[in-house]
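Multiple structures follow.
Same chain, two partners: chain A is paired with chain B first, then with chain C.
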Partner chain A sequence: MEELPKEFETVVLGTGLPESIVAAAASRLDKSILQLDQNTFYGRDWAGFRLKELREYLSTLIQNKFDAVGRAVDENLLKDGEVAVPIRPSHCPITNFEEKIYVKDDVSETDIAPQSRQERYRRSRHFSGSSVASSGTSSTQGDESRTPTTPEAPPVPPRKQFSFDDVLAESKKFSLDLAPKLFWSNDKFVDLLTTSNVSRYASFRLVNSVATTVEGRITSVPFSQSAIFQYEGLSPSDKRKLVKFMTMCMDPGKMQEQMQAASQMKLGAYLDKLQLPNTLRKSLVNAVAMCTDQTSVPEALKRIRRFLQACGRYGANTSPFLFPVFGSGEYPQYFARVSAIFGGIQCLSRTVDHAVVSTSSNKVTAVISNHERIACENLVLPTEYVPDEWKSSNHPSKARILSRAILITDHSIFPRVKNDNGEKQACDSGFMRIAREDGDELGVLLVEASHTADICPADYRVVYLWMNAKSSARADLEPYVERLLEPFQHDRDGMPKVLWACYHNYERWTWAETTEQPSAAGDAGRSAAAGKIPANVRVVSGPSGSIDLEDVLEESKAVFEKMYPGLPFLPRIPGPDEIVLDTSDSPSLDQSGNKESENIENV
Partner chain B sequence: MATAARTSTGGGGAVPSAGKIFQFKLVLLGEAAVGKSSLVLRFVKGHFHDYQESTIGAAFLTQTVCLDETTVKFEIWDTAGQERYHSLAPMYYRGAQAAIIVYDITNHESFNKAKAWVRELQRQANPNIVISLAGNKADLANKRMVEYEEAQSYAEEQGLLFMETSAKTAMNVNDIFLAIAKKLPKTDPAGSRNPGQTVNVNTAAQNVEAKSSCCGGSTGATPANAAPTRT
Partner chain C sequence: MHGRVKERTPEEKQEAVRKEKERKLLGFTTLWKDIVDRRAEGDRSSETLMKTNQLLAKCSDLYTLWNYRREILLADLTDAESEEGKRDGILRIELSVTESCLALDFKSYSTWYHRKWTLEQMQKADWQRELDLTSQLFRLDARNFHCWNYRRFIVERGHIPLSSELAFSTKLIADDPSNYSAWHYRTTLIPLLFPTVPSPEHQTQIRTELALVVTAVNVKANDQGIWFYTQFLVEQIQKGGYTNLLDELKEEVKKLYEEGDLTAEESIAVLHGYVRLLLLDPIQNLKESDKKFVDDSIDKLCSLDPLRKGYYQSLRDAL
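The block that comes next holds the complex of A and B.
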């Protein structure tokens, strides 16, 4: 391997999403960037894995990684007035990993010893009719609801039998994310992907079902205003009330009086007045506004507006969400690639062992990595790498713990959806939000996707669930898993089955930047400020529980702007045609927006 | 922005469409300085530079090859130098239908590296990927360190397409891409996926921009050396 250069403008520790975005943005402006990661893979806590790799990572992570003792300081690499501060993760953010295999390792044994395992996947089950409509989960939307015996249901071949070995044999086809995310069709992150041309790597699947649960039943949520009005059981007076309500959502300026009156109200109380049918009301609160009855009316209206504005962007009545093909774990890699394209250097399996801090300026002047001194002007690192001596009471880092589950299932839990031709088909990716009884704002979020997003083989689905933790991930989420998927003690037809589940908690620390920003002059004169983070160190967080990536974008942008104030953040990347080295016969740099070279278009 | 953007991109492979245009993602692999970018620039632009800097700024290029009844559009990705520190992101070869692994015939170590890349692809990439091996810098035959026969028998063993190429003289450059185009399966994968639901947000933006800039800067760029059109 080539030796690393000895000097960079910015050293970025970690290849998680915010680190990679910052690296890309800085490289884009020709800043020299070194991005290191102690892992052998890109993405840190945002990574995507194949099935085998995920199991291996999660099961070895917890015991191995965090008892490593730091390297001894290479004193000869330090100059006068410098100290070396060890940089290593203080804790492992992933805890409570538990795995549950619901299929027998070897199917043929099932018949021989049927009692040996409680959570066995039942074999002789035949699946008839639609994949989701069954006693427990049928959709409530009129003709959407079917029973498995619906006459027109085509004969369905016997349910495919799985053994866990079958699943493992296809390990390579899985792309399982530690931090699954969706994109709003019109969100700022998608805008960034487009304007920075990162989107040329990315493609998306439209999420074609949005749902919630109402009294334990999975209920499709209408995407558009018109679909909401077509809701069954709406009386003319309901509709009038809804019109008002929707106008308030979409155009609050028009309805100032009403807004005034409602501004102090909670959404629940407000909806009580409207007296909408219960299912519609629950759909609005749980899945459209993604809030609770306790949310204030103005906030709820903002959220509903956001949802509705994101609908229909890719065709009539399309949902507001996009699911990333190959999963969210690709995104750190996309941005790292942008960094590389503009000269950034990525180096995996390598970390920063020490930060070299000048005691007079309290700035990091270099890092020591693998006994090499690498000078830098900025250091970016994830929260858990911040050494204790840089933490102070002024920097109250806050932890929020998420419970996460990753499941492999055999059928969609979502109601069947109509395709462009009006035919019913299995949902290929779906989003569901389930309200929590304790009124937690986040609720329980569920994202399901299929092979159409290239995240699993054709016979499977991947389901992600997450929520703010109350206790261990399994204790928190298993009840939901058992409610939505086949309870293995029973043998009901038509219910999707869970084949494999894994649970873990994720502890997310955010670094609260102090408000006291030392002035430039004060900065220079400042003596070694114990308990202060060096002025040129920037801290980034791990993935939050939010459904989208807008918070990451905000954080990355803020970090970038602190390092490079006034400089443009990820401006459009020119197409290769615009930067070809030979100027004699190639077009000059064209700002008008051609994207890539297309040499022959006409066939 | 209301333009509905519906294309089948990503790992899906061929795009069934009226003119039978098939689009494939092709990645280049190989040790630094074996001439990966030079090969692509020669193929796509007809250029060659003796002192091509290491790749900066070129995310990918596209080039189209016409076969008998079909048109194959290659989306050609370059490593962006990530191979230097063994940190090539897997997204690079994710979904790739074809790969050209390049070595330098004057550097035996680069041939060993090429073999390592073959193993890596066989382990990690799409199982149907068409892999070809290019012994580049064939114009420097007097400094040859890798015998043609050695590489050829290795390629046969592994089922790879093999050619010695020269980005400098253009020898076999078009030919290797053409051979790949012929070998790529032109099947319609639509059965496995509903193309109507795959969204390329970039295309949406391009469609909008295309109104003002038409076909872009390479209008009329049908370089003399461009895609070989043969029967």
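The block that comes next holds the complex of A and C.
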């Protein structure tokens, strides 16, 4: 194994999104950065997986990752006046993993290890292949239509006969995210991607449908003037009211007036005045304002404005959302790559075992990783790695638990959308927000995407659902899955079907870094407020339930600014053509400028 | 420092851009000279044809080159006369050449002319494909008159059903109610589609148009294009003598004026529209209340929009 340098300015534990953004921003300014992750993959709780890897990760995660006993302290690595504090995740944030496979006749629960189930399905397919009589004609037809040598096969079979084996065979074409996210077309994260030139790595698909459910029916939300113009069942004067309302939200002056005039009002009462038809009104509250009737008018108007401002950025009448091609699990890697290009060192399968704290200054002076002492000036780590003795009554703040579901389906659940020639076609990717009966502000969020975003093979769709947890993820979300989709074994037409579903809960702790330091207070006051955590340790949190990544950006920026106050945050990264290559100074950069020769992956 | 990335300075970048420009210019002039010489020598080889491609891809406004191309092609086409389909094969290449030129510059007269010429030479042209091309280009600029002219040419030559063109215009209007070109297209299509007036079909169509216009003025009350189209519609209604439709239209505009919560700009457009609708009837048929309304409205218009005072006064003269 190659040895690491003995000294870094900043050691970052974890390769999740905020850690990687901080690492990229610091490396960009030529700070020396070491980024470690105990996993064998990038992204931590933000990671994206292939299908097989996801099942394996989630099913093994809970048993064996988090009860590992820490290494013993190497006393000889400590200096006088230093103590070693063990750094270990205190808990596993992912819990209640449950899986359900709907394909084939027997619906099986996840009581068997994935490996053996694969075997079982392989066997059962062989059976149906060898004895045609046993499973009927449909399975043979299914096999034929997959064979590429029969181009005369029926163009689109009504319902292809799947087996889970078929799905698993294409495991590599799936890219499933633990923390799916969308981008507002004009949000701060997208701005950062453009200004920093990280967008060089990224591409997007426009989300082409925004929907909600009204009385159990999925209805698309008219978010553009054109959609309102064509909206059926709405009188011209109602259309006028709606357009006028939206125009008002786009005009800052008028909106301010409205916000003041109705500052004490609830959105419900405010919309009563507009007298919109019920479906439209619900669409507006559920999917555009993304709140409830009880939300205050100023807050709701702000949200509507945000939604509308993001509309139409990429062509007339386009939706406000972008879906990241290959999924949001790629983003930690994009930023880690930036860090690597600028000299940062990334090292997987390796973690910080101990933090070395100087008792006199209450600062981390070094970390011990794999029996090596690595000196550092700053340490960045995720909340669940913070040792108990650093915690205080205020930090971390109370955990929020999310229920998440990842589904593989066969057709889009969204209403068909018109393409550029005015013909209706299946929706590529869609966003839906379903209001919860208990009035939870987040509601149930749903994102669906297809192979056009390179996250699954052509015959499938991937659907993500998440909400604030009430109980276990499956108990929370299965009712919604059953309402929107039907299990695969029913061979009825007209409704998209779910082939596979997996559920898990995610527990998110935040450090509430922003309220930590009163700006004018002295060192004494600060340390009291911050508990016993060493002054040069920065804590970052896991993915939240919000639809976008703006909160992550804000947190990363705050961490960066505390470590390097006054320095620019991720200035533009030069493109390949702007880099001078022919000096002996930078032998590690090839023509494309992104060779990661500094990347050590010691497994 | 280890691993540090070195960037080019702005001066270096500028220098690189200047060199690149020089290199391009030299390539362009050499090629141009070569082609002019070849033409003088009467060269009609396919190699020369390829050379003109290279220049046209950079600048499609060079009509001399298009002319030369046609000279060469005409010779090729006469040679290909005997073989079935060969002629169209040559011309299909021309279509792809003009298509890539249009992708770079869709407002070049000479490219559009060449494309028209190519289609006229073809025995079996794929008209639907041409329609799709124009639909795509309208997305870049919905008022590109080159493209509109070309589309009309395709519709005529390709015998495209006018009803589908009407549907196309509806789609453009739905995308953007302010697309005046699309509204105008309707005024040319409707008289062609319904030559006999009055007729039940014509009346049904006008009723549909009325609904479209009412939605449009509600969504965009101050768009001039929609009001122009309303005038066309009124002419059609009068030709057909569908007085009930005219009353409906008046009713809707009145409702918009009274309940629409209009801004000053919108008020001018809607009030003007309403006054003109009222004045369509012979004066002696106007009710006293309407007369008074027109009179008051004109006062209001004069104060809201003093620049057009004289015009509004002339409307009053009709009373």
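Worth a mention:
The rule is simple: the second predicted complex is superposed on the first by the 473 of 603 C-alpha atoms of A that agree within 3 Å, B and C clash if a C-alpha of one lies under 4 Å from a C-alpha of the other, contacts with A are read in each partner's own complex, and residues count from 1 in each chain.
As a working rule, a contact is a pair of C-beta atoms (placed from the backbone, for glycine too) under 8 Å apart; a residue touches a chain by one contact, two chains touch by 3 or more.
Bear in mind the structure is a predicted one, so any value in this text is a computation, not a measurement.
After overlaying the two complexes on the shared chain, residue contacts for A:F229 are found with chain C alone; chain B is out of touch. Set against each other, chain B and chain C touch different numbers of residues in chain A, with B touching more.
In the superposed model, A:F342 makes contact with both chain B and chain C. By the touch criterion stated above, A:N317 is placed in contact with chain C alone, chain B being left untouched. Touch criterion met: A:R240 reaches chain C, while chain B stays clear of it.
Common to the chain B-facing and chain C-facing surfaces of chain A are residues 315, 341-343, 420, 574, 578-580, 586, 593, 598. Interface residues of chain A, counted against chain C in their complex, comprise 30, 225-226, 228-230, 236-237, 239-240, 243-244, 315-317, 341-343, 420-422, 574, 578-580, 583, 585-586, 588-589, 593, 598.
Remark: chain C residues 1-8, 13, 132, 135-136, 139, 167-168, 171, 173-177, 214-221, 252, 255-256, 259-261 touch chain A in the complex.
On chain B, the positions that touch chain A within their shared complex are 1-2, 4-6, 9-11, 19, 21, 32, 41, 44-45, 47, 49, 52-53, 55-64, 66, 71, 80-82, 84-87, 89-92, 94-95, 124, 192-194, 196-202, 204-206, 209, 212-213, 215-218, 221-223, 226-227.
Those residues of chain A whose C-beta lies close enough to touch chain B in the complex are 1-2, 4, 41-42, 172, 185, 190, 193-195, 197, 199-206, 208, 313-315, 322, 325-326, 330, 333-334, 336-338, 340-343, 345-349, 419-420, 425, 428, 451-452, 454, 458, 573-582, 586-587, 590, 592-601, 603.
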